[in-house]
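Common to both upcoming complexes is chain A, partnered first by chain B, then by chain C.
Right, the complex of A and B next:
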């Protein structure tokens, strides 16, 4: 009996020793500005990572799931990155904000650590220093250009206003939007920056009205957009102007804040919605969310799905790296995701494809429209913007 | 419809909320000469207490009143635990305490389910109906209620400081603490009451703001900083100054949004304009429009 116990202990110890620990780490805004999106995103990363361990997705590898708050502060992100890569030896960096990613681009290039940001800012994969940045889904710029294409099909020559966040996150798509509007025969008559403390938008909306604006396209977060929609409703402008927006403007967050003023808002995103329960990815989101006791609001948030996608891509890259779970191995794993080897975890309208030249994962997007109940329903199928590739060729 | 009356009216609506938020600064400074940099966090605390109570099924109005009472007590507690020890210390030390306090409250709110995320009050039935039109500008019932509540509280505090014995005592303490103590006034009690009253008005401002534009910690706490130009313009120790400063800043913000945003690429001038006013006021009239003129030559 004693021998059996000793043998079993020895086997257990050997197995434990054979099991490699790899850190899967994320740094983002769990508190501070944009934490409304970041907290759910963090939960998605953490839960998928734990799920991967529970499912033994990487035999012989135990994932050390680290989710760290950077408060939307670039200096904190940099410290986290240095700790993750320097001390925890993480082979892949799951990052967050536009500003911190832009700041870290050069360092990421030097350290050669593949990075998956929550920011879908096209500038992150523009040269220079763009070899190791991978956008999980279509960029904000492509979202906006796709919305412009939709407007052009319905109402050629229409006057459009852009309302953007006063930050690199908000401003970046403006150049591509202007170029696309020119080609599409649309007129961008005004570009306004609106931040998080916009208590009253009457002046801006009245000016849009006097300029004959029929479409208002937002590149912002849900909070400021909700306030614009509520003011537009109060001023009786909701029927006269069509409000639209890129990925971070919409979803549950918007309808929760804007209430019935969000009705008819048109939103561009690559993700499936919570109420599309027939999608395997959404079934997985619900299953994992329930398994780890997340609140209904968190599970319903598109940002929870987004966090899961980022973690799923990282885990898949590790799977493909097999025995070489290093930054170089994961780079190879990521860039092998194309053709018949595309990765399709089911969270997005199309598969995730990367190569050494293609650094946009799920390139397809859909336009969805908010209905009376506050749910977003698809009004287009999965598509890519045709114009975007002309106004912003990559590589 | 001409744009100007609409901009003026929108400015008054926002300005009255600014004035209410600024009142907390004034109440504390008026009695203790302390500038409370944690005021935005107290505004957020009040709003989230009310929101949490409504989430548990409590009536909105009752939840708002309980939140005001809670922040009244919180203000008193903050004064008792942190500020009372700072009496006689250099002003920079006191300011650092309030800055530290803002981080502590911020962190504590993040430990609650409301630290991250966007939330909105379920609008009470009486406020969700059709609004009214004033000079061709539609105003929602929420906005009207917000303005009335803000003006009501501001009026009550103006009366309190000018007519009530306690209000006059608080002014006396602010004028000369040593003289007030020599006639038997409890300076400590006055300080505690000022912090408590500031807490009460902060919750009122937070609930109104939450009702009008949703609840996010960043947005609510940010108001504390945003109303700083209001108190400087009006005068740090003047309730009337808070009202006039709030209205002026609200109107100037809207006028800049209405007329300057069209010619400034990217617009967003309303975010900057109050701080331009702040700099101008500090250069020309550092004690504000209604503040006590104190000249020190060294």
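Right, the complex of A and C next:
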């Protein structure tokens, strides 16, 4: 008996020794600006990583799950990147904000480490230095252009206002939106910048009203949009204007902050919603969230799903890399995700596809509208913006 | 002549020239040389991530010396130092990418651009004082952010990537980045500190202090307070511009978020904690604030891992800003002269040891 125990201990030890440890690391805003989204995103990455270990998704490989707060500070992100890539040898970088990713483009190109940002800024995959950046889902620009297409179908010639965040994150889609609006016969009559400190939007909304604006498209985070919606409700403008927005404007965060003022808000995103329990990805989100004891609010957040998607793509790339779990191996793994080998973890409306030329993962998106209960219901099927290809051809 | 060149046992100065020497004793001179030698060897001793923090401390120290020039030595409150850093960073980026100038020309050019803008922004100081001037510089911070955010030339605040630098055949790469920039930033910091130390010994430097202490008395002594104030803004923003240029190269790209109001507040905190109107304070302040931030990061990570708090309560959310705010309040209340005063007291202690008085 003693001999058998000793033997099994020896076997276990040798198996453990044979296991390779690979770091799966994320750097983002758990505190500081946009941490409302970042904290849930971090939880998603961390939980999926733990789940992958628990499920032994990568036989012979133990994932070292590292989630680090960069406080939305670019210098901290660079420090984390240096630590992850330089010291922990992570073969893939899961990152967060627009500014830090734009700043890191050159270094990422130099180190050849594939990077999956939480920012869906199209400039990240624009030349130059764009070989190793991969957007997990469709870009903000495509979200906005898809919303413009929806408006054009419904109300050709309508007057539209854009409300964007005063940052590279907010400003970037404006150029593409203007080009698309011109082609679609829409008039963008105003572009306003609104940050997180927008306590009173009455003047801006009254101006939109006097300009005859019927559609207000937001490229922002949920907080400022919620304030706009509450002000619009107070001014009795909700029925007169249709409010819409790109990925980071909507979801649970918006309904939580805006309450019933969020009703009818139209939102463009590639992700499935928490209440779409028939989707395998959402079932997995609920299962993992419960398994790791997350709060209901965290599990319901679309950003929790987003974090899981990023981690799932990384793990899948590792699976495909087989024995070569290096940056080069993962790059090959990522770029093999196309055609019959597309990756579909079920978190998004379409599969994740990448190639050496295609750096947008889940390209399909849906438009959803908030109902009376605050839930977002799909008003379109999975689709791609036709116009976006024309106004912003990639490579 | 003193009894010994290595100990200061009394004041033996008989000429103004002796009174203006930087070092009172040879021991002080020697200790600085030893310090610089230790600093030169530091990259060989520190891990890479810590070296990055040291580089940041040095860059902030350049900016804080500048802030000390305007606020500490001349008494002009400035809440827009990060914007001056930003002017320097963007000017450096344009010089490097549009004019293809090498970094050793682009960075000083950034300093000159910031100095020009700084002098212009300093014009209200001829009429305004105290809180009013603080608001004027705050306005510049906002104008700067808005302007950058709307200029296509500056990518609307998006990133302007800087070219990789090469010195004596050694290229700045991912692997040597922190060490490479350490050896470039350190001499700049030493030069800038020496420059300010020497300006202080001139009549122009003393004029700034006189204006801070009492501008009417200074005017009565023949000092032009307006010129002195504009000189302070010119010099202070030059330092900020150079710091901005260094930061741009160190970060490899210029992004507007790096030069926001929160950074101005942080620089002001560094100047206060270090000790306003003190050169050692300009080093100690950044060192303390960056170390505090790193310390809080480690502490909150550790606390977070102890399962002491329910899920969703992020310790870091509270700890880091709390520590930052509390430090400033405590320093203002109990040590308004900052860490520089502790440094002075420690030096005095060792100088007088074993005697108490």
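The working rule: the second predicted complex is superposed on the first by the 390 of 395 C-alpha atoms of A that agree within 3 Å, B and C clash if a C-alpha of one lies under 4 Å from a C-alpha of the other, contacts with A are read in each partner's own complex, and residues count from 1 in each chain.
The definition used in the following text is that a residue touches a chain if its C-beta (ideal position, glycine included) is under 8 Å from a C-beta of that chain, and two chains touch if they have at least 3 such contacts.
Computed from a predicted structure; not experimentally measured.
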| item | value |
| --- | --- |
| Chain A as common anchor, with chain B and chain C clashing or fitting | clash |
| First (chain B), second (chain C), both or neither touched by A:193 | both |
| Partner chain in contact with A:83 - chain B first, chain C second, else both or neither | second |
| Partner chain(s) touched by A:172 [first = chain B, second = chain C, both, neither] | second |
| Which superposed partner A:293 touches (first chain B, second chain C, both, neither) | second |
| Which superposed partner A:141 touches (first chain B, second chain C, both, neither) | neither |
| Chain B versus chain C as contact partner of A:99, first or second or both or neither | second |
| Touched partner set for A:257, first chain B, second chain C, both or neither | first |
| Partner chain(s) touched by A:74 [first = chain B, second = chain C, both, neither] | second |
| Partner chain(s) touched by A:39 [first = chain B, second = chain C, both, neither] | both |
| Offending stretch of chain B which, after superposing on A, collides with chain C (from 111-119, 147-155 or 237-245) | 111-119 |
| Residues on chain A lying within both footprints (that of chain B and that of chain C) | 30-31, 35, 39, 166, 171, 193, 295, 297 |
| In the complex, chain A residues that touch chain B | 30-33, 35-36, 38-40, 166, 171, 190-200, 202-204, 206-207, 210, 222-223, 226-227, 230, 234-236, 253, 256-257, 259, 295, 297 |
| Complex interface listing, chain A residues touching chain C | 30-31, 35, 39, 69, 71-72, 74-75, 78-79, 82-83, 85-87, 99-100, 102-107, 110-111, 123, 129, 166-168, 171-172, 193, 293-295, 297-298 |
| Chain B residues touching chain A - in the complex, by the definition given at the top | 3, 6-7, 10, 13-14, 17, 106, 110, 113, 115-120, 123, 131, 137-140, 143, 209, 212-214, 216-219, 222-223, 226, 253-254, 257-258, 261-262, 265-268, 270-271 |
| Residues of chain C that touch chain A when the two form their complex | 47-49, 52-53, 56, 145-146, 149, 155-159, 161, 164, 173-175, 177-178, 251-253, 255-258, 297, 311-312, 314, 316-317, 320 |
